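Sharing a structure below in structure tokens format, with a few things to ask.
Think of it as A, B, C and D in the order they're written, each chain with its own count starting at 1.
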Amino acid sequence: MFNSFGNILRLTSFGESHGKGIGGVIDGFPAGITIDMDFIQKELDRRRPGQSALTTPRKEADKVEFLSGIFEGKSTGCPIGFIVWNENQHSGDYDNMKDVYRPSHADYTYKTKYGIRDHRGGGRSSARETISRVVAGALAKLALRQLGIRITAYTSQVGPIRLEENYTAYNLELTETNPVRCPDPEKAKEMEQLIAEVKAEGDTIGGVITCVIIGCPVGLGQPVFGKLQAALASGMLSINAAKAFEYGDGFKGLKMKGSEQNDVFYNNAGRITTHTNHSGGIQGGISNGQDIYFRVAFKPVATVLMEQHTVNIDGVDTTLKARGRHDPCVLPRAVPIVEAMAALTILDFYLIDRTTQL
Amino acid sequence: MFNSFGNILRLTSFGESHGKGIGGVIDGFPAGITIDMDFIQKELDRRRPGQSALTTPRKEADKVEFLSGIFEGKSTGCPIGFIVWNENQHSGDYDNMKDVYRPSHADYTYKTKYGIRDHRGGGRSSARETISRVVAGALAKLALRQLGIRITAYTSQVGPIRLEENYTAYNLELTETNPVRCPDPEKAKEMEQLIAEVKAEGDTIGGVITCVIIGCPVGLGQPVFGKLQAALASGMLSINAAKAFEYGDGFKGLKMKGSEQNDVFYNNAGRITTHTNHSGGIQGGISNGQDIYFRVAFKPVATVLMEQHTVNIDGVDTTLKARGRHDPCVLPRAVPIVEAMAALTILDFYLIDRTTQL
Amino acid sequence: MFNSFGNILRLTSFGESHGKGIGGVIDGFPAGITIDMDFIQKELDRRRPGQSALTTPRKEADKVEFLSGIFEGKSTGCPIGFIVWNENQHSGDYDNMKDVYRPSHADYTYKTKYGIRDHRGGGRSSARETISRVVAGALAKLALRQLGIRITAYTSQVGPIRLEENYTAYNLELTETNPVRCPDPEKAKEMEQLIAEVKAEGDTIGGVITCVIIGCPVGLGQPVFGKLQAALASGMLSINAAKAFEYGDGFKGLKMKGSEQNDVFYNNAGRITTHTNHSGGIQGGISNGQDIYFRVAFKPVATVLMEQHTVNIDGVDTTLKARGRHDPCVLPRAVPIVEAMAALTILDFYLIDRTTQL
Amino acid sequence: MFNSFGNILRLTSFGESHGKGIGGVIDGFPAGITIDMDFIQKELDRRRPGQSALTTPRKEADKVEFLSGIFEGKSTGCPIGFIVWNENQHSGDYDNMKDVYRPSHADYTYKTKYGIRDHRGGGRSSARETISRVVAGALAKLALRQLGIRITAYTSQVGPIRLEENYTAYNLELTETNPVRCPDPEKAKEMEQLIAEVKAEGDTIGGVITCVIIGCPVGLGQPVFGKLQAALASGMLSINAAKAFEYGDGFKGLKMKGSEQNDVFYNNAGRITTHTNHSGGIQGGISNGQDIYFRVAFKPVATVLMEQHTVNIDGVDTTLKARGRHDPCVLPRAVPIVEAMAALTILDFYLIDRTTQL
């Protein structure tokens, strides 16, 4: 049950980095949605390695093959199976890691838990697993588009370089105009520069992705354990390297008092709305019709191209130096993954909300 | 399904602030555990209103009545039903809120979603709902105690006043020696002072709770969507007023590079361990045997004793001034709630982990 | 998770025969439904012991107390907690069973599985647990009534005495006019007579309940594992003493060939329908708009007032003779239970069906 | 969620008859199990069309390709993705069914529910979907074999020809020695003869499969809604064409009184056991260590090679005559499917049972 995400709309994923491929099954996807293959592939391309000098030079086409659930270009309501075949793997790059636990990777915990592990490229713990999320998320976006709901994420921090303003201060259309996916062109340049420096050192760096959901109706979210923010947090923290989640004012709001942070209602030409949006579009776990926004922190990639101390599978102290082709910074490629998890969550809760009244 | 939390161990809760009571059903609780009623009541007392000058002066005994699943002092493996009867409600305090949406509360979203709402004391959206979590969490703690797993939370920030060090710098035994539940007696005094000031203004203030889980075996957590941090984040963000979750280095780690943040393994007298614990005890979604720690931010309570602008249920602009007895700061009473959600999550994953190998 | 039934609409139940009471939580019940308390109590009265000479002479009022989720007479969309307090228990009747395993009861399996058991009245394995189903089912019926869906069950067989015709041959309005709940007054008399005889011997007898669902729209049921018949079968086989389930032609249909059993479609004044209904209203796991009907077999109650050989908890051969007040035949009281499980299933699938298309 | 089966061990399936293939994901499969590919293929061969004169002459190799979750011949605990590619489809055979609803098929209900349907070969509603069950079931059997649990099914009735005795009267080793999979060679001949006759008429015939589970420990099954029989019934009724389920004495037991049907315990050389097994190895929803046995009735295949009346998608009366290659009797090929669903259920409950006590 733990390789599945969602309730009514549910993605079940499978696949390892150096196995045959990464795939999944999307169950509960609404029938009758036109499947725009170009759009789906574009989403995969945003996640694809080798798309810019900032990312791993691995070349993977990452073309998705749908296996079921689509007939004459439309979803049928039946489960949508899909796979992205692996290719261009250099499994040999991992030979020296077979018997060694890489620091801050999942090698040790997987081995201890399962008694067995596919060491090649991290196996199931590889970030390559997120391909299945992007495919499913792209489908969810197609449905949300029909509902007028739009999801946009961007890189808002890399290491110490950060956008100081809230998302409303930026033109989010600019996000895709630079390889870091930052809507502030100046900051984007700085971030790019920093990533290049870190890469040259064989080191890695983390950052923050901000995500905005626009056009959500009032009513999505299910009290009390299915609060919208709880589902979003769960989805985000399930992404490799994610370390933190905050929505609305988040940690920043701690500087304010209740009287300052409350979002006061008013009647805006017949529609109830709020002057401010400290709540991040969610009140009592339910969307209130304002923009939903949240931030996700990603740690630096654990694979550094430097010698590190560690132990081998027999518990003997040793050293390890990673070979292979790795990302110095996961942020740019994680933007579509964050959007995908948000899209899956919102569509799921949209469908569920229909069951609220008879 | 959304008033339930957990997988094998599952709490289903019910109840409203001014209804008959708050209760729940705990399913999947292991058989044969001795039920220490004093301990459970003590946990409830830590959450109880009126326990100090810092909290709402409402006086509620909050005695739990168990309804099933316990026989001759032990759990039977059958579902444990329970209820804490409501008493001392002043429903009249809420009469003026019947037709008005309180800012940053769930009134508007509930009404829009459900078409009906119990306005008295927030109904289901009241933080009184967390009683069921504390009862279930106390039971989980009893089981975890047998396994040598201990969960401790404390207030690490109130408004701008914060503990600067990580949890290892404090004597956590001191947490319960002051009403804010802060293990640093000096800071505790400052926090207490601040809360008193804010209260005098009729205002409210937020803060951060830090939680530490000690003694967890290697192997808890289920890739990929059931990562331990994802489950913890979901549990924490389902608590009223929670706005953010971070584990390990969280946001702070963004200042570091991968080479600095990696937790290097070494053999410590026959046991594989790490020198540092930036990972927060979880790698690849699975506990690695180190302490698990995380932080949860809580916004200021939305109910302020000041006049605020808002709209009524007909969408007409109006003002509202809360009456009644409210907490100026939710933090001290939220400490056992955070612990409870952590305990439920850890015991659930402990049980699930048993199914990993034949 | 196993004391819960349903998906979007979910009953979680708790309670033992000789504990404080039997209760539950109904989650996902649609908001805004008027709660007709008289109707709910009438349903409980149909299940109640002591309602006729055919049932156990135990006198239990079985009054339900709702604990949450209802406000000013209507459902709020929040979980509906409820309890029926136990009373009139003669726990002493079970003293001689404390250390002995009753044949064909759950004593031995519970003890072995859980290591502990509440022996009084069967504890959790008592059919008294079905009270929670009847309460939840009554609520579901209230919602279904608004949708024009009606569920009716009746006793169609007791021991060898059986109704030979399909449900369409009987006036189901007569079901409640006799204590066996059989719509054929002649057969009802025979059944009554047989039960009286069996009771006089201290023995017990089984039978069959037939259930009909009228007014179901086309489209309820979820391929492939959520087929409507699979959900109904699961619900029915979860009732104590149920041994078999068949829908449509069931076992009887084996005498026919495909050409005879197929339900041929035709256009009936603009509505697609079928001449026959061998399918029992379900095709491909989905309701087809015809009446849904199925049959559930119940074995004789295991408690006989005769001396039986058995073993005690130390594995020593012994004998046992039940004392206490028991039903000679479970059928009459099981009729509302079968209806309740059907009602829960149909309402759940009705709600789920709304998520099929955008 | 409805294309998934199981709790901890969960199969999610996808695929249509004339799409790319039939596949699935098996989540929660225990790590470290040696994957015997030959065994899995043999199970698929037992389900394969064209295996004898009794089945459809379609030739499909039905070779399974595993996509993940297996490393160096062993399960890793990660989800096991797989696919059986479709081939040899004659989609043209279904052209005349594109706009017509086949009687007693899922065409009409799918179209009405989803607004769209893949008409080729029944699409998702095709029995070809059961391939995924056989693959997953074969894996489950490999794990159960290690635990000494064995599952065997056989054809016990075809039309009116039936085995009169309980399973203990037959040598189940003979089941696979004839194409109908009946352990009584005489009856097998008669059944074969009958199927040949029915086939010659272009008609179809149903029957019963009996399944026996040997070696099950005491304790599998989860009260109250997760009773072992309820899970088995749900699994069986989710198979295409299944119409009825009974376990233990089932309908036959109605002839007996409680005193006759009770399974009396005795001490058999230190082990508690029962003289008889009317209960079918399950008491109170929990396995009692005796053989578990149940029977599943299958209706005649709906596709008959005769002209039938029906309506088209515009609701106009018309006639239809099936072309193509179809099974006259589903029973022989359904035997491994019944076993597969039983194996998945038993292994799931075996794993769950481990969480009962600490």
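One rule holds in what follows: a contact is a pair of C-beta atoms (placed from the backbone, for glycine too) under 8 Å apart; a residue touches a chain by one contact, two chains touch by 3 or more.
A quick note: this is a predicted structure, and the numbers were derived from the prediction, not measured.
Which pair, B-D or B-C, has more C-beta contacts?
If we tally the C-beta pairs in contact for B-D and B-C, the bigger total goes to B-C.
Let me spell it out: compute each chain's centre from its C-alpha atoms, then which one is farthest from subunit A's centre?
C
Once you find the CA centre of subunit A and the CA centre of subunit B, what distance in Å lies between them?
Using C-alpha averages as centres, the distance is 26 Å.
So, what's the distance in Å between the C-alpha centres of subunit D and subunit B?
46
Averaging over Cα atoms per chain, report the distance between subunit B and subunit C in Å.
39
Multi-chain contacts in subunit B: which residues touch at least two other chains?
Within subunit B, the residues that touch at least two other chains are 1-4, 7-8, 13, 28, 31-32, 77-78, 113-115, 124, 223, 352, 356-357.
Can you name the residues of subunit D that touch subunit A in the complex?
Of all residues in subunit D, those touching subunit A are 1-4, 7-8, 10, 12-16, 19-21, 23-25, 27-28, 31-32, 65-69, 71, 74-81, 83, 113-118, 123-124.
Help me check something: in the complex, which residues belonging to subunit D touch subunit B?
So the residues of subunit D touching subunit B come out as 8, 28, 30-33, 77-78, 143, 146-147, 223, 351-352, 354-358.
Okay, in this complex, where on subunit D does subunit C touch?
The contact residues of subunit D facing subunit C are 1-5, 7, 13, 101, 103-106, 108-110, 112-115, 124-125, 129, 157, 159-160, 198, 201, 203-208, 218-219, 221-227, 229-238, 242-251, 253-259, 261-267, 270-272, 274, 278-280, 283-288, 297, 299-304, 306, 308-311, 315-317, 352-353, 356-357.
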